[in-house]
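Structure in structure tokens, see below.
For reference, chains read A, B, C and D in written order, and residue numbers begin at 1 within each chain.
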Amino acid sequence: MTIKVAIAGARGRMGTTAIEAIESSPDVEAIAALDYKYNGLHLHNGNINDEGNGIPIYTSMAQMMENHAIDVLLDVTDPDAVFKNVEEALAHGVHPVVGTSGLSRRQVDEISVLVETEHIGCIIAPNFSIGAVLMMKFAAQASRYLGDVEIIEMHHDRKLDAPSGTAVKTAEMIRQYRPAHIQGHPDEQVHIEGARGADVDGMKIHSVRLPGLLAHQQVLLGGEGELLTLRHDSFDRKSFMPGILLSIRNVVGRKDLVYGLEHLID
Amino acid sequence: MTIKVAIAGARGRMGTTAIEAIESSPDVEAIAALDYKYNGLHLHNGNINDEGNGIPIYTSMAQMMENHAIDVLLDVTDPDAVFKNVEEALAHGVHPVVGTSGLSRRQVDEISVLVETEHIGCIIAPNFSIGAVLMMKFAAQASRYLGDVEIIEMHHDRKLDAPSGTAVKTAEMIRQYRPAHIQGHPDEQVHIEGARGADVDGMKIHSVRLPGLLAHQQVLLGGEGELLTLRHDSFDRKSFMPGILLSIRNVVGRKDLVYGLEHLID
Amino acid sequence: MTIKVAIAGARGRMGTTAIEAIESSPDVEAIAALDYKYNGLHLHNGNINDEGNGIPIYTSMAQMMENHAIDVLLDVTDPDAVFKNVEEALAHGVHPVVGTSGLSRRQVDEISVLVETEHIGCIIAPNFSIGAVLMMKFAAQASRYLGDVEIIEMHHDRKLDAPSGTAVKTAEMIRQYRPAHIQGHPDEQVHIEGARGADVDGMKIHSVRLPGLLAHQQVLLGGEGELLTLRHDSFDRKSFMPGILLSIRNVVGRKDLVYGLEHLID
Amino acid sequence: MTIKVAIAGARGRMGTTAIEAIESSPDVEAIAALDYKYNGLHLHNGNINDEGNGIPIYTSMAQMMENHAIDVLLDVTDPDAVFKNVEEALAHGVHPVVGTSGLSRRQVDEISVLVETEHIGCIIAPNFSIGAVLMMKFAAQASRYLGDVEIIEMHHDRKLDAPSGTAVKTAEMIRQYRPAHIQGHPDEQVHIEGARGADVDGMKIHSVRLPGLLAHQQVLLGGEGELLTLRHDSFDRKSFMPGILLSIRNVVGRKDLVYGLEHLID
């Protein structure tokens, strides 16, 4: 028995890659797409057609549920659309797997209440990259022993924000393990503003932006006479697929809300 | 109540650094040194004196035990001396903490039997660097998700052996987690012998030897579209001190044999 | 006056990217494509059409030359086709710019004779990446001062050959500057074959192959108490475009053969 | 004929290492030490003695010059002492080699005038590490082709200043080659102050401070689809010795002032 998946955001680049990954997994099946347009048409290799070739597209979740027995809704849309999709999926007894970092704390809280009421598992993962999540987990664990931490995140220069969401998330995870203390020389003299980076709870984050770069982060943990460096390089969105598949397989057996892929891996 | 420690190998560089570390820890105390010479003299800041200044030196463990109530024997001698020291310590009810990678499997097995008979805890740590041990543990854990692994270890060119013991130990720890498989292109063509490194169970180890280098290792774990790199740089033998102190504090509460610092940290 | 360029290999991925780069440069113009088929059709955004939309395709260089005044032939085909193309171009007074590492030494020698006879400049660049060429040049220069060198090249595991052509080329460039000597411990003991990598004139090359990786190389130069590392990461074939454009602009003023982009940059 | 060297600052760690390096070079000889105390005593292996064992110590340059024919004064004292030493050396016809970054622009200008008047060569090197100087030179050269640059310098957390003098010097050398322009996204949004580092002429400098680190710097140069990284690790003050010896050998043939080791290497 395969896991039946509907995809919201199927025409986007992430959706297209996800459908490819699902189609090459024997235990998972992409059977419908939820969209805000193209109702009744079909999606094949990222292209729309009206010849019945590919996955059927629906603009109404109710109608999609009527026509198909769906186990999981994979939502790779944007924060605006995702909340309503999750609400409706839970109401229909479908397990949502959500890949967006844009949900507000209040929205996550509301989803948490719904999950408890409906007894339907749900996974929200701001970052589907298992490699990135391992880097964050390991950094947090290591900070108990090597408590002086700096983060260098490096992205292409078309990225608008600094520091990156992943860097801030990493610092927040470390904060739960690292003994609180001030880092660096107590009388530090900074001659050019910003040299020592952004401060998060005593830890420093440095954001590099250069053409050519993709998405990279390193966490440096220093101790007397030694340095531990945890680095993740993300070269391609294919790196998100193992995390998406893991979530789809995991969510169907759950009745609770999981926020963050780190709770699925150990 | 402080933990009373005797040190074997106290005059060496590691012993000298260990005594400094012990003396700056309020809960641990260095009270005697076991040596093959200088019986009756004293050791102070790495120097021998006959003025009663510093730690008393003994060439006989029996005599040392008679004069002092010792909790832990820290042994940083060489493989030749260490086995007998451990045997005697256990017989006297003293907890051994051993930092050498040179014990044979048979010797470790014999110690294991003694530990069980005497009900006295013992810790043997081939590598006292917590940072290095974290790197190895994390590499093993990550290899379940990112199963293609190569190790690059880099040392000064006065190092005789290749690959390093730590690199081989790392591969052996990974082997217990990583799904077994052949790495690389199945039709790989190696035009200059050795280019692809040493093979350990399908994983590759590359040994770099250059003047200037100290002791460095990185483990590279690749997945579709991503790379996770775990790197440890050892700059100074001070990096071993937290592992030594952790072991001293831990061993006094044990009645079993622990082989490897990785079992003390999580 | 723009430089008029014909492209051989225009339908390939490198050709398509090159045409984009040429079209976004005001001083260079793509006016024809040389192919082994599709004579008379046109090429537009990588697609073939018969509506006269895009660059006209020719299967005969003679006919192409009859219809267009061409300054430069950019050849991004394979070693089999390139030699004849270069010969014909030189005979027609057209400056070849060739991007292939597959020409034999004898073929290069023959081209050299033709270039001298015809007094038409020609550039052959096994690697069009300016960044990679800078890394090689710098490594060669630095090796006069830091003469112990190891090269780590890292590629995706679909790469068949090891070591990479760039790594071998780097070692050959270094060899011309580096004082000849044996590296490493004279009594080195290699316990697992291959650990110390491939040997080129005393230097060591290590080839890493992992899924996820793209194309990366680092050259490590060690001296007493210090290490200099030169690293190049190639993330996208767009990185070749500045080298291609530099070559096109440079070749029209030459009457000699240039082998290697390193002779165009200083 | 060996080059006769007097050392100012001979008792310090740099001076002690320099004397070792000089003594192991057959063409250079350490024959006297200039100090502010211990006149008439001798210096041997970093220790003072009154048994005439080692290098004679003088507190007066005039007296030292009377007793010895000196070619070069190697000054590894501090900025306070160095200026007067250089003045006196030039007046005595002795070539100064100065290793301090603390001389003011005005002091350097005054030395320049003296050098011209006396026709005695002088070398001032803020950084004697050939590896570091190569990194800076290469970064400057490469920035003509890869003009987007960020610098990450990493030091132990006992370092007071940020950014490091070497990082600022690197940016200043790059500035002379790099086409001036603003880097990064024009609408960059920095959510935590300092994330994007210190700005020097559009380039960014990031200063990492962690226990365990020694002295490290990397220069990252980005272009479309590629990254060039130049990294220097300084592990030990022995790394300064080749630069000191090069300067001593070079200065005796000069009649001008050289500021910066980069002018001695190519």
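Odds and ends about this structure:
Note that contacts are C-beta pairs under 8 Å (C-beta built on N, C-alpha and C of every residue); 3 or more make two chains touch, one makes a residue touch a chain.
This is a predicted model, so every value here is computed, not measured.
Counting every residue number used by either copy at the chain C-chain D contact, over half are found in both chains. Counting C-beta pairs in contact across B-D and across A-B shows that the higher total falls to A-B. Most remote chain with respect to chain B, judged by CA-atom centres, is C.
Here the CA centre of chain A is 48 Å from the CA centre of chain D.
Measuring from the averaged C-alpha position of chain A to that of chain B gives a distance of 38 Å. Multi-chain contact residues of chain B (touching two or more other chains): 212-213, 221, 223-227, 233, 235-236, 239. Residues 212-214, 233, 235-236, 239 of chain D are the ones touching chain B in the complex.
On the side of chain C, the complex with chain D involves touching residues 129-132, 134-135, 138, 141-142, 145-146, 221, 223-242, 265-266.
Here chain C touches chain B in the complex through residues 148, 150, 152, 154, 157-163, 168, 183-185, 187-200, 204-213, 220-227, going by the rule given at the top.
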